[in-house]
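So, here's a batch of structures to check.
Two complexes, one shared chain (subunit A), two partners (subunit B, subunit C).
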Partner chain A sequence: MQKGTEMKKILILMLAIGVVACLVGVGSFAAFNDVETSIGNTFTSGDINLKLTGGVQNGDSVTATWKSPDNWAPGEEVSATLMMTNIGTVDAKHVRMDWAGLTHGSPNLMDEIIITTFAEVCNGTIYPSSGNEATDVAHACGNHDDILTLAEFVSTSWITVDDWTGDGITLEAGDHNDYGYEITFTFDANASNSYQGTSCSFGMVLTATQSTDMGGAIPLH
Partner chain B sequence: MKKAVLSVSAVCLVFVLATVGILAHLRTSQACSGGSSYCCMFDLKVRDQDESWKDGVSTTWTAANMKPGDIYPFDAAFVQLKGCGLFQADHVEIAGEYSITRRQAGQDVSADAMAKQMIITKLEYSGSSWRIDLLSGSATGNPPRPAGYRAGDWAIKDTDGDGRKTFLDFKVSALDDLPPPQMWLGDCGMPRMAMSVKFYEGAGNEFMGACLDLTIRYTLNQCSGQ
Partner chain C sequence: MKKILMAMMLVALVAALVGVGVYAEFSDTETSTQNSFTAGTLNLTVDNYEGVSVPVYINETNLKPGDGGTVSMTLANVGSIDGEASIEADITAEGGGKNNYADLAASIDVSVTYAGTLKWSGKLVNLTVTVLGSLNASASEAVKIDWSLPSSAGNEVAGDSVVFNLVFTLNQ
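== the complex of A and B ==
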């Protein structure tokens, strides 16, 4: 009888252990999860990196692209080409031309400097086919006559909406040296003696951009 | 009585052996990474458009030389989820995290700032007969709703109130209580996630040359409380 009671106790104890073990087991497995990842999803923006050539190289910039000789006389010309290239990875749709460092004396020599040639160089070809769009530019600014003075030219900002190739890209990525301005400045042959000894200067700020915001700039051609 | 004791002992022994076996199996699951197709006790496998079922995929969605306004539909890209093992899962969580791995010299662009430029234009989680728009939380085809599902669980929120759902919002507002893969369905019936993005048209020059590395974390949960 006593042996039976002990057996019963052992049985109950083992059952209790079994129940606890089961509960522990269930508890252990009640909150499984598994995590997997999708990695290396990279989103990299490109860049536009404008470089200039023409004149004296000064890092990314150039200086003295158009520089008159000392003692510049009426009727004489200064002609040069400023070329641009985009060494970045994204094409630039537009090139915007703004101005900085405008200086002049009195009277303003810029009024007597006439831009007799303005042409765009696109992929090695001069545009327009006539080789000169100075008159068209003159009509878009200043007094809108046929004469484009330097004073009129620097009075507004300009933007190349599209180069002459029609592909929607002005400066292709990858260093193609594919866009520029050929400009001839002429000291008006009819300038009066009052311009003797005067001087002026300008800085051309060129921005290659993807933005279609004209920002008040006048489109070229 | 002796027989009863032996029976209980046998049951306990079986339980112990089963537990040891399961634990051994679970321990094996620690080595289940690295492209193994081996199914563990409670296991999530993923694949994408060019990788087969395994633990983790890479470079599912990538874009290079982005410029402001560029749109990337990623029509062919997806990550598909498969549950395998012994237990059916209750729900899936999806969360995003990122880091910036490259920026232009002199630019102090944070990962969050770059993430705000990455607009998610489409984020879908779909099964064979249902589809959830994870931008709006709306669903078609009556997807199964896990027990813990609450309104809003299935949508990324515009956490910064800029009117766009971006990677930043994805990081802050993870998705929860999504329908899990049904183990009895074939591969075609397993849920998949698809995404399209756009590089914000107003992104400034400071983001030129920046690279954002996005990791998407898929968690398969067994219980609704998880």
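== the complex of A and C ==
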């Protein structure tokens, strides 16, 4: 009986503490305060936005930059320039060249198409100063001889690490239409009759990137 | 121990985030598609025949001095590349007759007319590769070959024979 009375006292005490705690809580909530907000703080990321010019415009991409006539004969050439521009807000350090949609018949016409001119167009100026680095590119791929066949050219990925200005940037932001490739493809004058009527095609995939990772691609110069 | 584990997990998480950051550097890719090359064709027919189907045009026996004739054929470029036609008499066999000397090819007069213009005349034996003229893609031209064994030929050609191929070539 006495034990029960003590128990009751303890319970009442705990309730009292709980009520006081609540009151203290309400009291804190009601203290003076003032709130001000700095609104509209934002982060907006820039972008690299590549556009191509050369051949038939197809949205961001282009088609048929280099296309032979149907009566393309040994000794004749196809020449065109593909220009790039970065309409984004972030400079692109590197431009990487990969390949897609490679097709050919048998025999492989790509073996008889020789890249006789390869030059880079940088801010309106042709580089290298000789106007042609096809031989240098030839030395870096395939059988490393002086002749650069289309088959050798598309056998690897290439990368431009700057636009000959030495600033480490290939495509400046701001739509300067400032970098491109001038390429002449020549149908080998010594191609045999077995190549009559054969055809081949390729897609040149260009990636303008902020990264300096060359990812196994061979530098173009 | 628990704190050490949590610290390690935090370090790993930060490392992972840094990794994602490097991987996600800005880039944009565009493609120049459908670049294509197709080789043209150079394809010659003779009276619409080619290969082993090209007929024999001259098969004369019992020739005698004063004999002659004309054969005609049409050359056509059924390919897509313009070309240049040529002709050659490729002698493959000769037989000596009475005097055991093969004199017939050196006696027969030949003249070759292409597209209405006389292009070559001389003895059959001398008709080596001779350019006739241009033969553009999808075009055709007439060839006329006049031959004769001159009346001045004598017994030296009696019993002689000559076998030759008429070789028409279309070069780019």
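The rule we apply is simple: the second predicted complex is superposed on the first by the 180 of 221 C-alpha atoms of A that agree within 3 Å, B and C clash if a C-alpha of one lies under 4 Å from a C-alpha of the other, contacts with A are read in each partner's own complex, and residues count from 1 in each chain.
Keep this in mind: a residue touches a chain if its C-beta (ideal position, glycine included) is under 8 Å from a C-beta of that chain, and two chains touch if they have at least 3 such contacts.
Just so it is clear, the structure is predicted and the values come from calculations on it, not from any experiment.
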Touch check for A:Val90: first (subunit B), second (subunit C), both, or neither? both
First, second, both or neither for A:Phe185, with subunit B first and subunit C second: second
Which partner chains sit in contact with A:Leu82 here, subunit B, subunit C, both or neither? Use first/second/both/neither. second
Can A:Ile48 be said to touch subunit B (first), subunit C (second), both, or neither? both
Partner chain(s) touched by A:Val137 [first = subunit B, second = subunit C, both, neither]: neither
With the two complexes superposed on chain A, say which partner A:Val121 touches: subunit B (first), subunit C (second), both, or neither. neither
Contacts for A:Leu148 in the overlay, against subunit B (first) and subunit C (second): which applies, first, second, both or neither? neither
Partner with the higher number of touched subunit A residues, subunit C or subunit B: C
Go through the superposed model and pick first if A:Gln210 touches only subunit B, second if only subunit C, both, or neither. both
Subunit A residues touched by both subunit B and subunit C? 45-48, 88, 90, 210-211
What residues on subunit B touch subunit A, complex-wise? 1-2, 4-5, 8-9, 11-12, 15-16, 19, 22, 40-46, 48, 55-69, 79, 81, 87, 101-102, 104, 118, 197, 199, 203, 207-223, 225-226
Contact set on subunit C toward subunit A in their complex: 22, 25-43, 79-82, 137, 172
If we count contacts the way the header does, which residues on subunit A are in touch with subunit C in the complex? 45-52, 54-55, 58, 60-75, 78, 82, 84, 86, 88, 90, 92, 100-101, 109, 112-113, 150, 185, 187, 191, 193, 195-211
The subunit A residues in contact with subunit B across the complex are 4, 7-8, 10-11, 14-15, 17-18, 21-22, 25, 29-48, 88-90, 173, 210-211
